[in-house]
Each structure stands twice: as C-alpha cells, then as structure tokens.
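Look at the two complexes coming up: chain A is in both, with chain B in one and chain C in the other.
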Partner chain A sequence: MFHYLLKRIGLSVVIVLCALLALFLLLHLIPGDPATIALGPRATPEAIARYAAKMHLDEPILLQFQIYLFNALSGDLGVDVFSERSVTRIVLEALPSTLILAAVGLLWAALIGVPLGCISAVRPNSWFDRLTGVISVATIAIPSFLVSIWSLLVFAVILKWLPVIGAGEPGDLADQAYHLVLPAFAVGLSWVGYLARMVRASMLEVMNETYIRAAHAFGLEPRTVVFRYALKVAILPTITLIGIGFGGLLSSALFAEIIFTRPGVGKLIYDMVMNRNFPVVQGAVLITTGVYVLINLGADLVVAWLDPRVRDSL
Partner chain B sequence: MSVTPSENPASAALAANTFRGEGGRKLRRLLGNWQGLTGVVLVMMFLASAIFAPLLAPYDPNALDIPARLSGPTWQHIAGTDQLGRDTFSRVLHGGRVALYVATIGISVSMVFGLLFGMLAGYGPRWLDNTLLLLFDVIRSFPTIIIGLAAVALLGPSLNLILAIVIVTTIPAYARLVRTSTMALRNTEFIIAERSLGVTLSGILWRHILPNVIGPMFILAAMDVPVVVTVEAGLSFLGLGVLPPTASWGSILNEGYLLIRQTPWPIVAGGIPLVLTTLGFTFLGEALRDVFDPRLAKGH
Partner chain C sequence: MIEDKLNRRTFLASSAMVGGATLFGLPLFARDASAQATKLIARTNGDISILDPGYMIGDAEIEMQNAVLPVLLNFHIGDDGVYGWQPSVYVEKFEERDPTHYDFVLKPGFMWTNGYGEFTAEDVKYTYERIKTTDWSGNFEALDRVEVTGKYSGTLVLSQPYAPFTLLGLTSGPAAILCKAAMLKVGEKFTTEFPATCGPYVFQWTPKQKLSLRPNPEWTGPKPAFAEVDVLIITEASAAELAFEAGEVAVTEITASTYSRYKDNPPPNGAIHVAGALQYMWLGMNTEHPKLSDIRVRKAIQHAVDAEQIIQGAYDGTTEKSNGIICPGLIGHRKATKYSYDPEKAKAMLAEAGVSGLQLELKTLNEQERVLAAQIIQSQLAAVGITVKVIPLDSGPFWEMGDDKKGDPKNLQIWLMRFGTNPDPQEATQWFTSDQVGVWNWERWKSDEYDALYKQGIAESDEEKREAIYLRMQEIMEDTGAYVWVNHEPEVVVHRKDIKVDVLPSGEMRFRAFTKA
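And then the complex of A and B:
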C-alpha cells in the first residue's frame, strides 16, 4: 500500500513536470521570437525586451528551462508585463471563486445523484431504476456549456427569475448565492448522472456481501443497512471517480464562468487567450493543473483513509 | 468483429463461426431495445444530414438576406435567421459537416495510433510498457480543454488545432484497450504455438490480435464521438475553433449567445442537433457494448 501511495505521488509530480515542459516547448517550438509570440501584437518593444530579460531568452535553451523550472517550482510564475502584477497573485485571486463554483456544483449533484443510485441499486430493474438510468444517460450526454447557455436563456432572459451575469455584490453572501444558482446547476448537472451510475454499480456489488446479509438477518431496518453500512463501502469508488473527473468539472466551470461572466480562473484564461497574453495563460494553466493533481491525489488518500482494508495494510 | 472473450482465445475459431449465425440475433437485440433503436435512428439522421447537407439545405449557409435578419421561424426560414440574415437551418446542416469531419478524422487517426502504441506496450519490453503507461496516465490526467486553450493562445484558432487536441487526448483510451487484449493473448497456447511454427510477429499481431480488439475499439469509438463533437463545438463556441464565416454548431451558438436578449432561436437551433448527436452516439455505444461486449461495462 505504501508502494501504491508513493507511485501516486510520483505520478502527480510527473504530471506537473510534463505540464511545465509542454508549456515551455509550446512557446519555443513555434518559429519566431518567443517574447514576441508570447505577448502578441499589442506589446511595446520595451515590454518585449523586459519579458526577454526576465525569461533569460539570450541564454542557451537548457539553462532557460532550468531557470523557468526553478522559478515555477518556487511559486514565481513571472510578471504580467501589461499590468506589472505578479502572475501567481492574479491567478490565486481568481482561484477561490472557481473552486467554490466547482464544489457547489459537485455538492448538489451528490445530494441528488447518490440517493438516486442507492435507491436504484436496492430495487434493480424497477421503474425507478429504469427512469434513473435514462436520466443518468441524458445528463451525461448533454454538453455542460449547452446547459449553461440554455439555462441562461430560460431562467435568466425569458423568465427573469435569476440574474444573468456576474458573481454578486462582494460581501453580500445572499446576493452571491443568488448569482451562483445557475452556474452551479450547469456545472453539476452531468455529475448527477455519473454519480447515480457509479453508486448504483458499486452498491449492487456491496449488497451481495455477507456482512450486509448478516445485517439484514439481524433484523436491522433496510434503510439503516443501506445508508449506514452498505453506502460506507460503496461510496469509495465514487470518491476516486470524483478525483479523476475533477478535470472535467474544471472545464465545465470554465465555460460557466465565461457564459455567466463570473470572475474565476476559467474567465481569466479565456480573457488572456483573447488578449494574447501568454505569460498569464501559462501561469493559470500551471496552477489549475497543480490544483487538479492535488485534488486527484487527495481523493486517493481519502479513499485509503476511509477504507479499513486499505488503512490497516498501511 | 469477434466476441471471443480474451480469457479463452482457444475458442476463437469456434466463436468466429457461431458469430456469423448469431449476427442476425445480435442485430435484433440491438434494434429491439429502445436505447439501441433510438441510438441507431439518431446516428443515421446525423450522418445523412451532414453528408447530404448541400442537397438538403434550402440556402447557401453564408448567403445574406439582410431584410429578413433576426427573424424567428417563418415559412422561408424554418429555423429563423441570424444578425446577417443567414438561414440558420442551412447553417445548422452545414455545421454538422464540421462535426462529422472532426469526429471521423480525429477518431480514426487516434484509433490507428492507439492500435500501434497499444501493441507496442503489450508486446514490447517491460520498460517500454511502463513508459507508455505513464505517458497515457499523464495525458488522461490533464484537463484537456484548459491545455488546449494554452495552445490556442499561441497558435491562434484553427480546425487543425482542434483535431490535434482531440487526437492526443483520445489515444490513451484505445491504446490501453489494445494493450490489455494483447497482453492477455501473447502468452496463450495458440499464439505460442504459432510462434514456434515460425509465424512472424506482424503476422500474429495482424491475424490474431487485431480481430480481437477491433470490435471493442469500435464500441469505444462510438462512445467517443460525443466527447469529440463537444470539444469541437465548445472551442468553436469560444471563438477558438472554426473561423468565421464557417458554420459550426459551436459558432452558431456563439452568435446566438451574443444575441440572447434579441432572439432565442439560434441558441435553440444550434443546440438541438448537438444534443441529439451526443445522445444518439451515447445510446448506440452503450447498446453495442451491452450486446457485443459486456466486459467493457466495468472499466468505463
């Protein structure tokens, strides 16, 4: 088990290093002067010269990569040459809003998807199970950005029940929650399907275990058996799935932020792509990858900690 | 398409024969189930409308009709027009061609590479297998769209870039599938016997491994189409995919999004084919899997 954890941590490090390498190569393999390409046509010669000096573009390429790598690993992702602000700070300011959106989206999906999966597994092939199956496939198949656009059209533009754009007044929690409803709905919808299916599948397996049959034989209430004993084990593969699927969750959040004009990392990346400001895009992509890798690793550690069979072998 | 379970390849010949007799029954099972039938119908509709778009479209997708701009559905323009008076229905039909192009080219290229890398990993030396597996894990772990955006930031939007993103991110799934089957087969008695008879490696891969993996690969491909079509539509929606004035479902949605307060029709008309296509291929893929290869159900 210790070996497994070591492997997982090693993989996370490799992923982050690959992201660093990919972004570095991307910039240097395109023919032309990297500083001019990175900053786009708007950049002044002074800005280009400053960026070239900062990236040590006159040094050999291996040394450049070394400097870039050490700077990035020590948290220095450079300076946005247009606003003179630290890229790390710009991205970290945008990050909480994105994480809240992703977390709330996942939370409401779990509150609906997990019970749906449990009930389906208790009565397999009932009308409820079949209906859940259809709902799951439908929510998984509909692209999340389309859910964003259509819910914006229906609930904000036509019915005017919910606000169209923004994240609400700073400091006013009720207003912020009000602005979070539609984006969180759009981000979470496909997860209702994923979670219901995953929980159903692992629940069906667990319900056949002897300890569950023993619990039934002791005369415990079926509800207690399902939610207190079976779910504890059946939820584990689902947690792993959430870790792996978090990248998809971030992509949905990116679209939701752009469509609902919410501040966040997704909106930041999009705006900077449109402005041809590669240094900020690069920093934002790296930090997003880092967050993703951490959450992925975190999910695996949570599973290892929750599962007594795994925990004892540590 | 073979249905031989890889655990029991000795019965390959037997299964190949029975499969022929069972073909009709399998097809009936596929179409007899409402999911499979809906899937087949929706996929046929998508293919037909995309292939015959130039014949079916009532107007040129880029023809302007300024006096009729921003009209809702009328007898002349059954899905309405956009801000330049272009016929939305014709644009939707032509947008299907972009989706079909990206899906066909993207998935076939990545199937070929998946086959290659999967066989390499499955039949090659241990270190190569480990390296390739690590590479697959890394690619699978990346938030695709976000890395794609970084590339677009430097290279500018283009359809080829979308294709490249799609290909790189879908290869690992095929490669893993091929790798697993190759490994299961490489040490079975009939393969060892063939090798001792002097059959070349490429002969074994071509004649015995390929028929075993090609079926599951097509099932995986059917399930990948929604992902690929969504990536194309999503990036085109952001203005980072096809270039104007080319019609794609994503670019129609983008134009509609900018006009959301004036007219709902482009958003409705651009979204419906996208949903029908993703639903159709998902239904078809799952029905194919249930009928031909229930083993696949676990991993996905």
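And then the complex of A and C:
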C-alpha cells in the first residue's frame, strides 16, 4: 500500500507541474501584447510599463517561468494586478462556494440515484427498472447548462418560487440554502442517472455472488442483505466514478455559477477571463486543478484500501 | 424479497411526497416585491478593482464614487438635449472668471466619515493637484494649480485656456474629491476601501457578489429617495435581464437585442430609458494601402455602403445613424453626410478609377453585431463589384493591427471600428490629428487645417464658434474618403415603472439622484 501511495502521489505532482507549465505558456500564447490586452487599448504607456513590471513580462521567458514556478510552489500565486489583492485569498474566498455547490449536487443525486439503482437491480426488467433506465439515460443526456437555464426559467422567472441570482445573504444560512436549491438541482441531475446505472450494474453482479445467496439462505432480512452486504461491495466502482467525475461536476458547477450568477471558482475564472485578469485566472485554474487531483487521489486511495487487487495495477 | 418494506410503491409514494412538499412549499419562500420599496436593487456588470479615482478601472467604481464622494460639478442635460454641467449639492457658487480661472465656494457643514472633519477647499486642492500625477491625469493636464482663498473657497487656475475642462474634467469620474487628511494617513493611494467619504451613503463590499450603499449617519445634505442600495454584480447581461423579469433587480443595463425586444413590448411594470449614445462606429480605410490610395476608390466605397441597412440588419433598428465622430447631444454633432448611398455612382467612380475585380480584407472584432455588420458590408460591396473577405479578430490582435509599433498597418485595408467618447467633442477629435498616424489614426491621413482646428477647438469657449470648428473637422475627415459613418450605439436601461432613474450617457448610474416616480 505504501508503494502504491508513493507512486500515486508522484503522479499527482507531475500532473500539477504540467498544469503549471500550461498555465504559464497560456499567457504567452495569446495573440497580442498581454499588457495591452489586460489593460485595454487606451491604457497609458506608464500603466502598461507598470503592469509588465508586476508580471515580470520584461524579463527573459525562462526567468519568468522560474519566478512563477518558485512563487507558486511557495504558495504565492501573485496579486490581482488591478486591486492588488492576493490571488490565493481571492480564490480561497470563492472555493468553498463551489465545493458546497458540487457536494450538495452530488449528495442529492446520491440520495436519489443509489436507491433507484438498488431497486432496479433487485427487480430487474420490471417496469420500474425500465422506467428508471429511461429516466437515467435522459438525465445523463441533458447537459447541465440546459437544466440550469430551464429550471431558472420555470422556477425563478415564471413561477417566481426560487431566486434567479446570487448565493444569498452572507451569514443567513436559510437564505443561502434557498439560493442553493436550483443550482444544486442543475448540477446534480445528470448524476442521478449515472449513479443509478452504475449501482444497478454493480448490484446485479454482486447479487449473484454465493455469499449473497448464503445470506438469503440464512434467513437475513432482504433489506439487510441488499444494503449491508450487497451495496457495500457494489458501491466500490461508484466511488471511483465519483472521484473521476468530480472534474465534470466542477465544470457543471461553472455553468451553474455563471447562469445563476453565484460566486464561486467557475464564475471567478469566467469573469477574470472576460477582464483579461491573467494572474487570477492562472491562480484559480491551478487551485482547481489541485483540488481535482486531490479528490482523484483520495478516491483512488480509498478504492485501493478497500480492494487490495488495485494496489498492484499502477 | 424486500417488497414488504422497501417496494416500488413505497419508494414512489415517498419520493412523490418529498417532491410535492418541496415544490408546493417553495412559494412560501418567494420574496415580497414590496421589500424593495426602501431598498433599491440595481445591477452592475463587474466588480470593483480600484476605488481610487486616480487609478480606477471601470463603471462600478465611478458609480460608487458618485454615491459617496463630493464633486464640484454634476453632469447635466439641458432642455435642448445638449450636454452641460451644473454646480453640485456641495457647491455654493462656481463661475468662470476668465478662460483660465474658475472660482468656487463650497457650502459649509459637510463632514467626512471616520472623524476626518469638514469638507474644505484644501481637499479640492489636494485632490486635483494629485490627480495630475496619476493614471487619469489626461483631463487635468491644463490645470496648473488650485489656489485656496478661504476655508471653503478657491480658484482652479489653468496653464492655458481649455474649453472642455468643466465638462471633461470636473464632471468625470476622476473629479471625485478625496479627503486630504485621510489620504495622507493611508499613504496617498487606496484600492477597495475608501479612507473617508462624504455623501448620503457609506460603502460596503461583498467581493464578487454585491456593492452595498447604506445610510451615512453624518450626512447633512438632501436625503436620497432610497435609504439603501444593493448593486448586484451580474456579469452577463442576459442573466441580469432575467433577474429583472423575475423582479429581483429594479434597474439594469440591457443589450441591443433586448432593447429591440423591449422597445415595442416592455416587460410588465418595466420601462425603457435611453441614457445617451456616446459611441461612434465607422468603416475605416487605409489611405496609404495601394488598393485604396486612389481617393475615387474610397469615395466609391462611401457610396456603396448603406448604413441604414446595417442598423436594421445588425442592430434591429435600435441605433442612431452616424454622420461623423461627434455623438448626439454634443457640440458639433452633424445632421447629415455629404455622400449618399448610391451603388450606381459607386460603380461609375470605380470605372473612372480604372479599378475592376477589387478584392479587400475587412477586419472586425469578433463580436456578434460587428461580424453581422461586416457581412452586410460584404454583400453591399459585392453589389458594386468589390469582393470582400471578412476577418474577425480577437481583441488582442484587433487593437494592435493599425499600430506602427505592434501591428501591421501597411497591410491593413478596411476595418470596422468603434470608439467610445465622453461629453465633449475634443475627446473624439483627438485621435485623428497628424501625430496620431500609426497610433489611433489608422486611416493614415494628415491635414494641417485639421491639426490647427483641433487646437482652436480646445481653446475656444464660445459655443457657436466651437460648433463650427468641430463641424469643419468632421467634414475634413469625410473628404478624405476614408470613412463610412455607421452608427451611434445607445446605453439603454430597463427599470421598474415606479422608479425614476438617473443614468449618465456613458451608462453609469447616479443612485443618489434616483427618485420614486
């Protein structure tokens, strides 16, 4: 397990370093002068010179990368060149909102999707199983931004039951929860289908195992057999799916944040791209990449811990 | 199996109950629109970056400065629709003694927050002499010094006559006055927190979410109609428009396409307000390019392009036809062009120049309306035998393409360009002088008469004479054949009918002047 842990962490570090390089090159691959693009066509020469100095654009490119790498590795992602606020602080202010949105979206999807998958597997080929299959495929097929737009139009604009924009008053948990309903619904909907299909497939496999038949033969309660014995094993591939799919969930959160004008990392990146605020874009993408890598690492380690066969597969 | 406890009926029934309770319970949370009676909820399209008037970036910062900082003059639109100024609520008297001396007297009793005492003439002197050293020094370059003659009185002394000083300098964003004592304490520069304010509101900031204005308990001036203002940061115009339709926002700027939709059919309880049109778009031609160096070819293009078709086709008829670079409401705004849409005349001029099978590249910013406008021009020029290739560009290469140092001006042929301006003709005319060739004068023509008139226009304070100067300058531009004037895009807001809005022609909202209709 220790060797697996080392290898997996090493791979994660390589991924983060690649992301760092890509983000650095991004600034230099954009057509045009980065300072003029960021400050606008009418920026004064003095403002452009100040920007270039702050971003080290007047240094040789290798030295620029060295400075960028050293600063990033020491936790300094620079400052917003306009407001001079710390990029790390700006991103960390936005991150909890995105994580809460993704987690709540995933949670409600799991609460619906996992039981749906279980019942479908317990009664395969019944009308309930077929209906669940159709609904699952439908929810997987509908892009989350479309769900966001339609749910916003129906529940917020037409019915006026839920808010169109924002994340609620800071400090008012009820208001924040009220503002979370629609975005979380939009983010989680496709996961209902994913989880239902994945749990059903795994459960069908597990339900035919001899130890499940033995459990039934011993007269255990059906609910106990399904949820305590079968689901415990069948859920393993689902954990991996959640880990791998969390990146997709962050993308869905990005759309939801833009459409519902919720503060979060996705909205932050979008706004900063629009404003050509490169240091914040670089910092936000780097931190998001780090979160994504960490979650994947966590999921892989959990699976390796539960299933020793996986440890030899890397 | 499990049907005795967890069967499909139980599951479906439970799900239906939970779902029904949620859906039918939600309306209980729906907000009461009357909650906005004393609190105004508006929208801005971006967060603040730097509130310091010397280093600010955009619209939201100016809106907040307007709400919490004093100024000498306010922008004002006269009954004749012409832009001008009037003394602000802080000012007892403001008058032009001569073209280089402006005397002011402040009203006593306006207090700075955070215990910094009274607003005095020393604050005016500090602010305007400081602004000359900042990024926004442009409109204050003619200011030599501020002489303080009393606690509340002083004189703004210019180094030379500069007619736009009052309108461009003293009503613009950088004219917001700062508290000298507070500024000295914070090191003469600030970013997102005002060191001290002196207005009906105090400012609070929730980053990336909203800008809040709350009552200033020390304010002794006229009370604003709305005790509190929340300005929600909504980047996307379409999201803001939905928020307005859902009743969550009382006023927001709208896009050209939404203006077109709302113009004849506004949303319930909504009204449209056109704040102004301080933008001018034209089709530019490089007079030094071999394909366009013959003025007859350029004039043929002037006759071949119909701006009305572009306005209808790309802007749904929501913009005003342009006849020059000076926008509606400003001194020197033209009512007509010397050329007219006449494809037959265009063909004849091309034939006279001996040009056939002409192929041109039309460059434009890669934005929906611009690309559509470019395609309409493409079809109009095709009708007179000119083949046009439309090349949409991102903002980086677009804004550099005519620059001598960064772009490739020798190969630039024709392009669609839009500039924004402010309420004085000097701003728009400054980009086309001889020293701007290869900087912003991408058409690359020079005129001694134009350069001389530019200097005269700045120094001339007589409005009739200024009008004549700026009309002639646009005529000179048009006579080069390098311009086809297209349109002036307006700044439009939609607002609740029970609110009377106050929006500057450049789109910034003055919340302290909002009233209840």
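Quick note on the criterion: the second predicted complex is superposed on the first by the 267 of 314 C-alpha atoms of A that agree within 3 Å, B and C clash if a C-alpha of one lies under 4 Å from a C-alpha of the other, contacts with A are read in each partner's own complex, and residues count from 1 in each chain.
One rule holds for everything that comes next: a contact is a pair of C-beta atoms (placed from the backbone, for glycine too) under 8 Å apart; a residue touches a chain by one contact, two chains touch by 3 or more.
Because the structure is predicted, anything quoted here is derived from the model rather than measured.
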### Message
Touch test for A:47: chain B only (first), chain C only (second), both, or neither?
### Response
second
### Query
A:30 contacts which: chain B (first), chain C (second), both, neither?
both
### Which of chain B and chain C A:288 touches, first, second, both or neither
first
### Task
Look at A:137 in the shared chain and tell me whether it touches chain B only, chain C only, both, or neither; answer first, second, both or neither.
first
### Task
Considering only touches as defined above, state whether A:63 meets chain B (first), chain C (second), both or neither.
neither
### Message
According to the stated criteria, A:166 is in contact with first (chain B), second (chain C), both, or neither; which is it?
### Response
second
### Task
Name the contact category of A:214: first (chain B only), second (chain C only), both, or neither.
neither
### Task
Go through the superposed model and pick first if A:261 touches only chain B, second if only chain C, both, or neither.
second
### Query
If you stack the two complexes on chain A, which partner ends up touching A:73: first (chain B), second (chain C), both, or neither?
neither
#### Entry: Residues of chain A that lie at the interface with chain B and also at the interface with chain C
30, 37, 152-153, 157, 258-259, 270, 274
### Query
Taking the complex as given, what residues does chain A use to touch chain B?
11, 14-15, 18-19, 22-23, 26-27, 30, 37-38, 137-138, 140-143, 145-146, 149-150, 152-153, 157-158, 244, 247-248, 250-251, 254-255, 258-259, 266, 269-270, 272-274, 276-278, 281-282, 285, 288-289, 292-293, 296
#### Entry: In the complex, chain A residues that touch chain C
30-33, 36-37, 41, 44, 46-47, 80, 82-85, 90, 93-94, 112, 115, 119, 122-123, 126, 128, 152-153, 155-157, 159-167, 170, 178, 181, 222-223, 226, 258-261, 263, 267-268, 270-271, 274-275
### Task
Report the residues of chain B in contact with chain A in the complex, numbered from low to high.
35, 134, 137-138, 141-147, 149-155, 226, 230, 233-234, 237-240, 253, 256-257, 260-261, 264, 267-268, 271, 274-275, 278-279, 282-283, 286
#### Entry: Residues on chain C engaged by chain A in the complex (per definition of touch)
1-2, 4-6, 8, 11, 15, 23, 26-27, 29-31, 46-50, 57, 135, 191-192, 206-210, 232-236, 239, 242-243, 245-249, 394-397, 399-400, 406
